[in-house]
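Labels for the chains are A, B, C and D, by order of writing; each one numbers its residues from 1.
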Amino acid sequence: MTDNDKFFSSENQEELKKLMAHYRCAIMEIETKFRVLDEEFSLRHDRNPISSVSTRLKSRESLLDKLQRKGLEVTAQNIENNINDVAGVRVICPFTDDVYVLARALARQNDIDIIRIKDYIENPKENGYRSLHIIVAVPIFLANETKKMRVEVQLRTIAMDFWASLEHQLRYKKNTESEEISAELLSCAKISADLDSRMNSLRSKIYG
Amino acid sequence: MTDNDKFFSSENQEELKKLMAHYRCAIMEIETKFRVLDEEFSLRHDRNPISSVSTRLKSRESLLDKLQRKGLEVTAQNIENNINDVAGVRVICPFTDDVYVLARALARQNDIDIIRIKDYIENPKENGYRSLHIIVAVPIFLANETKKMRVEVQLRTIAMDFWASLEHQLRYKKNTESEEISAELLSCAKISADLDSRMNSLRSKIYG
Amino acid sequence: MTDNDKFFSSENQEELKKLMAHYRCAIMEIETKFRVLDEEFSLRHDRNPISSVSTRLKSRESLLDKLQRKGLEVTAQNIENNINDVAGVRVICPFTDDVYVLARALARQNDIDIIRIKDYIENPKENGYRSLHIIVAVPIFLANETKKMRVEVQLRTIAMDFWASLEHQLRYKKNTESEEISAELLSCAKISADLDSRMNSLRSKIYG
Amino acid sequence: MTDNDKFFSSENQEELKKLMAHYRCAIMEIETKFRVLDEEFSLRHDRNPISSVSTRLKSRESLLDKLQRKGLEVTAQNIENNINDVAGVRVICPFTDDVYVLARALARQNDIDIIRIKDYIENPKENGYRSLHIIVAVPIFLANETKKMRVEVQLRTIAMDFWASLEHQLRYKKNTESEEISAELLSCAKISADLDSRMNSLRSKIYG
């Protein structure tokens, strides 16, 4: 019996299936919040602050890994209490300003709790990674109860996303850990940040 | 200047555009509620109570007509206060039981107000039309405020929907008001209701 | 090593992955053909002959089963030569007439070969199943070659589809093989066929 | 009667509606060709050469304008014979190499005619615009005939697309024709081209 089998053949299998369904619901609620904000901002400013939204649910393998690294048993309860990014929503914006406008509008909503904010745009990671990460708790309305679920929201510009997806591909390729490649990747991150900053100020010169 | 022009060149044009955007947001919120319920019921019962969901926003023409028939001026305020079905969400279910299960789960949610229920399944219209209509008020989360908007939710089975769409096509065709056609349409509505009732009891014999 | 493992860890694993990708392409080509026909018919007749289109790719398990029953080895070549319904496209139409109109339009296209037609509408299966099944071969345009792939197209009305999906659910439930249930299912199939025939003639009375 | 009215109340109104439907069909065929190529390349190289595909149909207003500038009457025949970009398909790729790989694969297909290629990547426009434009003729399979329609395919990278959408927004804003803004926009185009070139060579270092 592999770890993976254990994951879903354990006694709490039903509990785990239910939990993952609840995370899927939480993802839908957050997605809707951004679609509503996009609708409202398009109206006010004649342009869309959101270029695209994508979502993901952490795989069983990643959840197992994460629990094992924390030395925790595989139970629904442990997942819900200890892992913040089971559910993820990624919002891609044209401009850096849009990222912060959307983040503030989300934070202001009274049905949502902000658990934690990490601003990798102000303070990029060492390898060059930029993004705004927010862990929120959002209510989901089930047939017989209302429940709050945690979701990791990642907001970034088109340029940040393009860089991140290349970096992600390289990380899973062999022989790509050379210093030369890391240096070139970091240099691309800087050009990308420069482009974002110029495009953003060009935009604000015109829209004010 | 046509009535239609007046509608959107009036002083309150901006107000009207904003109102329609808010109704679009309300539609998204209701759609999400049904997607969440579908997720939950699929989990519990291994089958989807929702076959499809469609949405519509009343056209400017219909809104104008309705206000004029009520002798009201064309203002955002008058639309919001006097018209319940500006925003519409139609939910198609396989079985009659599903219609009521979903309706009860929606009614139970504490962020929603039930304004009015009309049960045309229990009491079909004279021409044979069957559906469950519920007017609800749902909160939408805007950047700076939360606001409640009215939405008409129509729940019906696949068979009810098929009949209704044929009836709708005929209504807009010339020379279709003959008694013969009305009688045949009513007869189809009855066969359709009979089929729903048999399929529903066949289903509950097995799933309990 | 399970049969399932053998399926994809065999030497021809790469060949099998490629074959399944080609079937996915064939599905896209057939879907596009129906979207084009829907566009054209909506224009000519002011109504859509297609209510919805869904697609499916046969699972590895079903392919294995089918090859084993035929006493054939699991190779890409054997699948391609011996199984006609690896790729499936289901087209749901409002009316029985639409089924045949679409089937004729598809058959007439000169880039398509018709391999086989089974008309379960004219001649329903014993249990009451009705549908029109057509096996076609359709060209797919790859980067370096053009290749013909087989696809099973199933055309049916909304009423036929509703009945078939209930029947499908029952088949996979225990204790549902009772004669009483089979009889009731057959009776529903007959009511459903009666409804289709009345709705169809009502429609043609008006549209001619 | 405005020009716009003339457009669709002219005797050839029916012809124009039919023509636009045929262009919609041509768009579907081209979209499918790119979805098929994406499927094939993902298989071969484990990564998607297509980031997104969008489509557009030229508006009546633009068609009217274009015909008037050419001194031509508003007829379906004149549109079909004289305007190459009634139907447009835009393909966004991660890397510059992907643009040319897809272009070559499209050009090689024997059911397609290449009418004209303009390479604004090799030779950017004066304002900094980069993209590869290809006019093709593609067959559409109607119920009773096969017909070739022209479509403008625009291929560009994510970075090119981001720049182009900002430039497009600025063009429709007042007071944005200043030399300062044009210079800054051109400078952004150059940084964007530099980023594309570095990301592309980083990628080919790893994937070969």
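Throughout what follows, a contact is a pair of C-beta atoms (placed from the backbone, for glycine too) under 8 Å apart; a residue touches a chain by one contact, two chains touch by 3 or more.
A quick note: this is a predicted structure, and the numbers were derived from the prediction, not measured.
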* Asked: Both chain B and chain C are touched by which chains?
  -> none
* Structure fact -> Taking each chain's centre as the mean of its CA atoms, the one lying farthest from the centre of chain D is chain B
* **Whole-Å gap between the CA centroids of chain C and chain D** => 34
* In angstrom, rounded to a whole number, how far apart do the mean CA points of chain A and chain C lie? -> 39
* Asked: Rounded to the nearest whole Å, what is the centre-to-centre distance of chain A and chain D, using the mean of the C-alpha atoms as each centre?
  -> 32
* Residues of chain C touching at least two other chains -> none
* Structure fact -> Residue positions on chain B within touch of chain C in the complex are 47, 52, 94, 158-159, 162-163, 165-166, 169-170, 173, 175-176, 181, 184-185, 187-188, 191-192, 194-195, 198-199, 202-203, 205-207
* **chain C to chain D touching residues, read off their complex** => 17-18, 21, 24-25, 28-29, 31-33, 35-37, 39-43, 105, 108-111, 140-144, 146
